[in-house]
Amino acid sequence: MNIHEYQAKDIFRDFGLPVPGGKVAATVDEAVDLANEYGYPVMVKCQVLTGGRGKAGGIKFSPTEDDVRKNAEAILGMDIKGHTVHKVLITPAVDIESEYYIGMLIDRNTKRVLLMASAEGGVEIEQVAKDTPELIFKQPIDPRFGLLDHEALDMGMRLCPDDIKKARQLASAMQKLYVAFMHSDASLAEINPFIFTPEGKGHAIDAKVNLDDNALFRHPGYEDLRDLDAEDPSEREARQAELSFVKLEGNVGCLVNGAGLAMATMDLVKYYGGRPANFLDIGGSSKPEKVVNALTIILSDPEVKAILFNIFGGITRCDDVAKGIIAATESMDIHVPIVVRLTGTNEEEARALLAETDLVPAETMDEAVQKANELAGAAS
Amino acid sequence: MAIFVDQNTKVVVQGITGRDGGFHSSQMLAYGTDIVAGVTPGRGGQMFEDKVPVYNSVKQAVEEKGANTSVIFVPPFGAAGAIYEAADAGCKLIVCITEGVPTVDMVKVMPYLQERGVRLIGPNCPGLLAPGIAKLGILPTSIVKEGPVGLVSRSGTLTYEVVYQLSAAGLGQTTCLGIGGDPVIGTNFMDAIEAFNNDPLTEAFVMIGEIGGDAEEQAAAWIQENCKKPVVSFIAGQTAPPGKRMGHAGAIVSGGSGTAAEKKKALEAAGIPVAERPMDIVPALQEIWKR
Amino acid sequence: MNIHEYQAKDIFRDFGLPVPGGKVAATVDEAVDLANEYGYPVMVKCQVLTGGRGKAGGIKFSPTEDDVRKNAEAILGMDIKGHTVHKVLITPAVDIESEYYIGMLIDRNTKRVLLMASAEGGVEIEQVAKDTPELIFKQPIDPRFGLLDHEALDMGMRLCPDDIKKARQLASAMQKLYVAFMHSDASLAEINPFIFTPEGKGHAIDAKVNLDDNALFRHPGYEDLRDLDAEDPSEREARQAELSFVKLEGNVGCLVNGAGLAMATMDLVKYYGGRPANFLDIGGSSKPEKVVNALTIILSDPEVKAILFNIFGGITRCDDVAKGIIAATESMDIHVPIVVRLTGTNEEEARALLAETDLVPAETMDEAVQKANELAGAAS
Amino acid sequence: MAIFVDQNTKVVVQGITGRDGGFHSSQMLAYGTDIVAGVTPGRGGQMFEDKVPVYNSVKQAVEEKGANTSVIFVPPFGAAGAIYEAADAGCKLIVCITEGVPTVDMVKVMPYLQERGVRLIGPNCPGLLAPGIAKLGILPTSIVKEGPVGLVSRSGTLTYEVVYQLSAAGLGQTTCLGIGGDPVIGTNFMDAIEAFNNDPLTEAFVMIGEIGGDAEEQAAAWIQENCKKPVVSFIAGQTAPPGKRMGHAGAIVSGGSGTAAEKKKALEAAGIPVAERPMDIVPALQEIWKR
């Protein structure tokens, strides 16, 4: 789950990171009130779940009330890479003398949290990683001992070789970020930039946190951080129905059991010249109500012209799955053709059942995909 | 012979009295897997299907029935705890089927396993099926066949699809292994491939990858360097949009890396054919294997 | 640092342990107000830093307002093993079906935190340890992994073999207690008893925590937990002067450098038939102001009839130490004899300096102790 | 020969630019200890007394000067961190002089040291002095003398008192070791005694204990079982009241255990004479040693 800058900053504050004050406003008047409360200059920062906000004009230095009013007016409602700005963060502006990058993520290879830091702060770290990877320093963290003082200080001194006080502030921020990462079950946590003022005081002036969806159950409060407005309505509905769903720009709706098979099905739709409308993993069970939910979500997209079921019946028998699909489709009013491919235990019995319906049976994945593509193409 | 299991594998199922644990334990038993015990705290003293004793702890199962392998079917919040318990009790192989385990839990448990020399498969995986020997997990037994091909995959049903085609083409398997789709997993491609390479009965193998991470790239480099057996591959997720998690927690293209195209390129550069479609896997294997 | 039950319970609550409500009262009226707020029955519990409070009559079940009034009146001001009761804890009384002991301490041998638990709760655990040690279960905790679920549950099931729900509550309490222990830098943390109500709900109804003095620097708030009234005034003064001091019932005041030598000096005073008035480690430096502080504290005890300096000059030269002692004693008005034994580098020069003063020099520790004992005996 | 140190001991002093660290580094250098480097983060590039280079990290000191032993003089809040750093950099012996280190810090650091095979002495200890070889810590060199007696103690100045008497009686020392008075220490009596027992030059040794814990009792049992060399002992704190910390964090009689009387009893039961007074230690040793 991605969360907004202001929410990530709240988490960072809880773990003692030096984050300047700041609150969000949903209207221009609220923005002005907050700015007057903090005093000038302030920053007006769009809160959208995407990068490159500054380049898109979503972050503005605002030295006066008029500037706040003007900038908040411009930014609220702005579209940034398909994300509409509903809220702006008002935060005191600080003088910047130098900028650093501090980030942590799960490293699959070491199976540890990896600390990454660079003196190239304030720019897109992916670009730094591509152009000058030698400027990013890395330290895998042993979960048994945490980020040790000397490991953090070593990183701090790589970033600030000539200023031990700054190096210590960076080290301390890294250690706090690690504690925040572990306690919040993050999958990514970044401060970009961590800045020093001309007086040498460090601040985390931007914050990015991705939370591990698998761990939300133990952070009941985090569910409130989810920005429902930022989600595609169909993805939201799928999430609430506990379906793994991603919306795409195509016309062949896909219902598949298993994430790998679902991706392979999308790939095959494309291979045969079609356009998948979605990724959807319907999981192990094919109970009618689950199928109904999945179909409802897929059919809410008017672009969808054909539907493709690709189910590998492993332990669940195919005839049972067929019965579930038939029951579900019969309970709904569906105007697009549905291709069903069922392979595995009792697949012939399943096809016999499908033969008595309007559903289009297919024997193989390739056949099913080709049929669905054809039907979708014909309808478009 | 197979990888990771053999005739001495004695299984304890953690969560045997749960719905999924019970169902799959029956299936494993039906395939002849030597399940010597089940564990559910508070249910010690019961019998599962009148033949498998249930204990309160893995320690008891190990002490009383000699279990050396655990298969875990417990809910996500208890999965890491179950892994610690199995490792502490002395199990040397742990297969964690549970989906939805927090990644930080896996980061923490990993050194505990390393200290004790324990192999973990999973979590969020279908487990392992060594035809004719044992089934540890949820792979359907109806589609497998004894034979010389090894298969390792990050996926579940896509694996079944490929196994089905292998068996249909008369190519039986030494071991079918689903390593799971989470970012942090106990056994990765490299471990499986090394084991297949060392297994005298495995003559060729198939590697089914997907977007996210760079385990396929690493495996490719290793294979090119060390492996003389024929290998073919498939990568799912060419059409996946960046930044979106495709079901599996680990299946995500982030910051432009972990794409299917990159993986395909690395595999082909290492001389490993990458099938365009699942149905191309078997022909591709037959072609390079000349069999 | 020992803290009161109510303070320990506050810490436990912060870490999620199931602790019934409760607040302290310093007067009978406050006690009654609190009881009325909680509803009856309540417990009235003396807050003193010693064990055996129940046996001494300091803990009373109070089913009515009259009982609270009567019991609070009796308990406030009561003397329990030399501790005056200044505060009572008012807490809702819960029905008790069974009682358990859960405790943690630093185990010197394993160098780990040791969890100890027993179904013999609600009684003095030292007695259980002595009479039936087999009824206390122990689990050392690996700090790299914490108290693992199965370790805690195994302990829970040893205590409650026939009730998995209770076993799980005990296990959860143990895990929370461990987190509390580590985060608060405790040296001892006990729940005795952890009880279950007839409905099967667990509660920590007593709490004991000792905090590591060495770690107080990182818990600034804990300094407020110190009960200044419960300290001997001279020990408080010594603590504030950063001297390691323990008051005893004797007449020979001892100023020694080093804790081991200070204990050995006390032992030797006793060996020669005297009575040491205190333990005092004056530490490495012998600056006059530190000596003045130490002397002031020792002389505040009217029982002290002679003072014994026993200083081993290792790296600090004895003549420097002698100068410090002379400067300090000359700046004060002291009416008891002072024996000074200085051994080590430049000890002869030191004795030469002492010879010009009223201070009584001694060559060996034995000689010094015998002289001090004699002088104290003569004065008594 | 001595225990724990030898001619190859190359010392890095952590906190060399501090008041205590600087003072005692001078003393160690004056005794001929091979201090090859100092460490104070942010002071890298300076020289200590014009002869010892100061680095920003122990790693640099190890890499550039071959340090294999660290002596730590840093404030309590940084002491555990300094121990981790020294161990991580590859030091195999660490002497932590710092007083007032939180016990929980020591509990956490201990497995880190065990994993890396590092010996820690202290914290809150005077360190080690091997006459004629090296001084690692703060023991006064003026009182020691080369010879055949080993000495291990939980105390500081009481140790000096006994060393002074040994030297005065013509009994020189192989090694004088103060292990520290905290509850959790890296090297305890058993470790020291085992080392003295194995050291061919140590012919007899003295063990100075105090109230708190049961390290003396364990040592007594070990000596009775394994040690043929003459040993005498002394226990401080017979008059200490229960429940009061006598200066050292570890010197406390709690719950009626850890008393001087118990320790004395255990030692005597193991055939180890326990001196009544410090001045009785040397005569007691001479008597059983017949020398």
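Just so it is clear, A, B, C and D label the chains in written order, and each chain counts residues from 1 on its own.
Quick note on the criterion: a contact is a pair of C-beta atoms (placed from the backbone, for glycine too) under 8 Å apart; a residue touches a chain by one contact, two chains touch by 3 or more.
Please read these numbers as outputs of a predicted model, since none were measured by experiment.
Between chain A and chain C, the least number of touch steps comes to 1.
Counting C-beta pairs in contact across B-C and across A-B shows that the higher total falls to A-B. Seen from the Cα centre of chain B, the chain whose own Cα centre is farthest off is C. We define each chain's centre as the mean of its Cα atoms; on that basis chain B and chain D are separated by 52 Å. Between chain A and chain D the centroid-to-centroid distance comes to 55 Å (mean Cα coordinates, whole Å).
With each centre defined as the average position of its C-alpha atoms, the distance from chain A to chain B rounds to 27 Å. Shown for chain D are the residues that touch two or more other chains, namely 108, 111. Within chain A, the positions touching two or more other chains are listed as 144-145. Under the stated contact rule, the graph of chain-to-chain touches falls outside the line, ring, star and complete shapes. Remark: the chains found to touch one another pair up as A-B, A-C, A-D, B-C, C-D.
Residues 23-24, 27, 76-77, 100-108, 110-111, 138-140, 142-143, 153-161, 164, 181, 183-184, 188, 208, 210-211, 213-215, 218, 234, 236-241, 244-251, 255-256, 260, 276-279 of chain B touch chain A in their complex. Note for the complex: chain A touches chain B at residues 106, 108-109, 111-113, 126, 129, 142-144, 182, 185, 187, 212-215, 217-218, 244, 246, 248, 256-264, 266-271, 276, 279, 281, 312, 314-315, 343-345, 364-366. Note for the complex: chain C touches chain A at residues 144-145. The touching residues of chain C, when paired with chain B in their complex, are 144-145, 148-151, 153-154, 157, 164-165, 167-168.
By the touch criterion stated above, chain D contacts chain A in their complex at residues 41-42, 56-59, 78, 81-82, 84-85, 88, 108, 111-112.
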